[in-house]
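Shared chain: subunit A. Partners: subunit B in the first complex, subunit C in the second.
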Partner chain A sequence: MKRLINLQPPRICAVMLALLPFVFAFFAYVSFSNERLMANPNDKLLPAMSSFGAAIERMALVPSKRSGELLWWVDTASSLRRLGTAVVISSAIGLVVGIALGALPLVSAGMSPFVASLSMIPPMAVLPILFIVFGLGELSKVVLIVFGIAPVIARDIQGRVREIPRELIVKAQTLGASTWLVILRVVLPLALPRLIDAVRLSLGAAWLFLIAAEAIAATDGLGYRIFLVRRYLAMDVILPYVLWITVLAFTMDRLLRFLGRKAFPWHHAGASV
Partner chain B sequence: MNTQVPLIEARNVWKQYGDNVVLERLNLRIEEGEFCAVVGASGCGKTTFLRMVLGEEPPDRGQILLAGQPLRMEPDAERGIVFQRYSVFPHLTVLGNVMLARELKGSKVLGRLFGARRRAAQEEALALLSQVGLDNAQDRYPSELSGGMQQRLALAQSLIARPRILLLDEPFGALDPGIRHDMHKLVTTLWREHQLTILMITHDLKEGFALGTRLFVFDKVRADPQAPDAYGARVTYDLPLNKSVPALAPA
Partner chain C sequence: MLSSIVTFTRRRATLVLLCALSLLALSGPVAAAEAKQKFKIAWTIYVGWVPWDYGETSGIIKKWADKYGIEIEVVQLNDYVESINQYTAGAFDGCVMTNMDALTIPAAGGVDSTALIVGSFSNGNDGIILKRKSDLAAIKGQSVNLVELSVSHYLLARALESIGSSEKDITVVNTSDADIVSAAAAKDVTALVTWNPQLAEIVKMPDTHIVYDSAKTPGEIIDLMVVNTGTLAANPAFGKAMAGAWYEIMSIMTQNDAAGLAVRTTLGTVSGTDLAGYDSQLKTTRLFSSAADAVAFAQSADVQKTMKSVAKFSFEHGLLGEGASSEDFIGVGYPGGAVTGDKANVKFRFDDTYMKMAAEHKL
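Up next is the complex of A and B:
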């Protein structure tokens, strides 16, 4: 018998193992739900699967009686628009600031402690300020997410740029590169794969800030809906929404990973730097 | 005594880090077309000297001249370099790595060439790649190459920039003996055909003798056992080796 650290599951086995916790969670839920519903058919805490089906149909397929909209899709579109805008802006800021901090000692000397301090401010603590300054519209929600993840991305990129072997920077200069061209042709391409990873890692935080902002002040969005129906203890809507958010987040993560592998084949070919 | 201005001249160069004197009163001259090998024990300051010639560090005292002029104290295209590791760019293909110098010089804003100029750079790069035996690997990334192939690529990449002096920092130190022998032949051929001036750092004395037209030995002439860092190294032997320096083509 091999030691535990050397045991690799065969492929089929690995897939089964991966599915196992999901299946277990599903059946655990169904059995608890059945038990409660048996005792009290009006129990709202753990709705039956049929209630979920009805709720999803009501939210996603039947136009709302009040607005005539398909709420599920309107919420999804609003949330994704906010999240997407914020992530794109954060990536751009993070990339530019991170490269400037990592590659230019003068910028780093002046700005590094400031950016480090900025990234320590809890974004939720400044949310009231954002609402006061930017109003309750879309802008304050996007700014909250940017405020929350851009400094983290910037510091990650800065770290990556500093990891670039000194030899490569010297080499580029001996081939005739100016500061600008060293950044454009060497630093930027070497930092881009890390940008993808940094964005993937900050997606969780981005969702957190999005839901929080929507919960407090919004008229649509996935977070808004969850907090709205909470008043009616509508677990049959909340749980599918949570599941849907998880699916969206998971899909984004996989898409980014796929994009990274396609765009930077050299990075995944076992390169050492 | 040679009366022409040497390509590299070190005059009374000192370098110390804190109390650790690395080099003291170092004098040497490198003429155009020479293949100079610098050997010495670990910590004798050979790499420090190379870094000073490269412009990465200033000497504390004395000066280093390039063709009679003080060196620029930052790396530039006059001095090419091949390091032992990290000499090629992992995000560029073999061809991209060699074309890079042409693109950097030909396009100051984008760092990329297009159309006819790109094709010209490509042809030049391909010619160099076939000289170093990498013409079949042009589309591969460096991580897919062996250590020896990466160093061949690094040589081609430096040569396309036509540096006045090519610096080699233990370029073959990480290679297997058989590969190293092939690389010796290659670098000798390149040195002849491109009429290069080479300054090579090595800890392998045999390699120094085999390749160089001139051998510098760095060592400490004074040593205090109570304070091993108190004195630095200098050139203790300057041996011209009997090899024909290729005649320089008239300009």
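Up next is the complex of A and C:
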């Protein structure tokens, strides 16, 4: 049937179509940048591509004059360490709490509304409290991210566990499984693939909170650098950093998807998310 | 099938090209200095800048703009650095900022800027706070929370200089000015540099001491109304209206009569405090309420000395841009034609023309 919803682009075309917006964005940038640089050769708002090259070289390949460090990599390592720690902690909390809430009605009755309320608190709004309780160092940055994403992951897992067909749980029990065994052998294998998806979807928020935490108080990190050089409008540093963050986030998302497919092939039979 | 989609793609590419071209055509020339009717200025909250808000709400700015046949739109921004960035990008014709930020953001970004009105300087409004210690020397070895690369950082550098120390002896932790008060409450924070009203909030906490403040380096942190030099040259009416309005605002708000108190009460509310709070901030500010005082200050040799010191600090911290070869890379012009730094690259000017007109009642 020749209808728009049935038209599939051939593979080569699909690639071209996918590239098109990027190419368009690139050329739009270059033309606007040229125009501004024509009016003011020192314009900092939309630097030329050559300025980006120079800035990346300066940040990533030449040791800093003040500390002797390669700032780009130091920033990346600090940010990834904070983000990684927070995501691992959030996943663990999310999985345990989510399964408990989803599988145990007694726990759910007591804690579900509380976790739901907790997940509604905008973490940025309680920053002063986080500072006082956790100080201003690494811990408060990790806590900010955990506070932001762990409740969301927990609620997602809870929902997934509740979707498990009742028959499966009953069947396991008729085969003699205890509560612990049902959770271990039925609930957990069904919840784990969902955990990967929940973490993937939370990564965007995790980056947001990471950048926010580093903007507020830090001595290094990707967000720190962006907010520092923003003080003198160094877009030649900011834009490559933004691009780099995008690349890192995209890579993490793909790695998690790959991990999910390898570790839980049963979950992905037929699906293409 | 394939060919039809390829044509489609090609057609789409043409379309995209057309879109790009039309966008280009729309955007027009950037920052072209030409005679115009409408002007936009930006301000952010600070004791020496909130009077612009009064000028807007009371209609004084409109009155002076009408007198010179122009329109001036006054916009408040919440974020100080963002307001300067917007000005530098060309979204505003004028913006309030300090002498250091004028040098390192618009001037270093190639936007020729003029300090149209020298409003005030910080005379205790910026300070260094230590917890549990009351001697500046105790700062050595500590982590210091401050807005990095701001006037706070500059003040810290000056303070360290005064005790024969340098930034090598401390660790700077970049801390947002919006969160520095709650940061100060954290146990692991022991040293901070900030400005009012945050400074006043932090010293209310127990066992905190101001060990150094801008009163020890008077006249170095100057609060200005900065405008685009090209726009000002092409539109003297803009400069006249702004100066006229500013000194009328000054003459009303500095009085201790009912009208003056009412204005300062409003300004206190706008700044998030009250009359007493605003008056106490004014005490640590040297406000040039008379145009003659502002002109005398702008003409003094002290300003040149300050700008040299600020340029040195800025260069050492990479704020003059990567292309800068020395602290003299950007020229700064002063009344009477004096220049510090590169005479061929003057991007920041102290201009007393319009303040003088106000002082001589020629507006």
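Definition applied: the second predicted complex is superposed on the first by the 268 of 273 C-alpha atoms of A that agree within 3 Å, B and C clash if a C-alpha of one lies under 4 Å from a C-alpha of the other, contacts with A are read in each partner's own complex, and residues count from 1 in each chain.
The rule is simple: a contact is a pair of C-beta atoms (placed from the backbone, for glycine too) under 8 Å apart; a residue touches a chain by one contact, two chains touch by 3 or more.
Since the structure is predicted, the reported quantities are computational estimates derived from the model, not experimental observations.
When the shared chain is aligned, no partner comes close enough to touch A:68: not subunit B, not subunit C.
The partner of subunit A that touches more of its residues, comparing subunit B with subunit C, is C. Looking at the shared chain after the overlay, A:42 reaches subunit C, while subunit B stays out of its contact range.
When the two complexes are overlaid on their common chain A, residue A:177 makes contact with subunit B while staying clear of subunit C.
Of the two partner chains placed around the shared chain by superposition, subunit B is the only one that A:267 touches, whereas subunit C remains out of contact. In the superposition on chain A, contact is made by A:128 with subunit C only, not with subunit B. Those residues of subunit A that touch subunit B in the complex are listed here as 165, 167-168, 170-178, 180-181, 184-186, 189-190, 264-267, 269-273.
Residue ranges on subunit C touching subunit A, taken from their complex, read 1-2, 5-6, 9, 12-13, 16, 20, 23-24, 27, 29-32, 81, 85, 88-89, 104-105, 108-111, 145, 147-150, 171-176, 179, 182-183, 185-189, 319, 321-323. Residues 54, 56, 74-77, 79-81, 83, 85-92, 100-101, 103-105, 108-111, 141-144, 157-158, 161, 163 of subunit B touch subunit A in their complex.
Note for the complex: subunit A touches subunit C at residues 9-10, 13, 16-17, 20, 24, 27-28, 31-32, 35-36, 39-45, 54-55, 58, 127-128, 131-132, 135-137, 140, 215-219, 224, 227-228, 230-234, 236.
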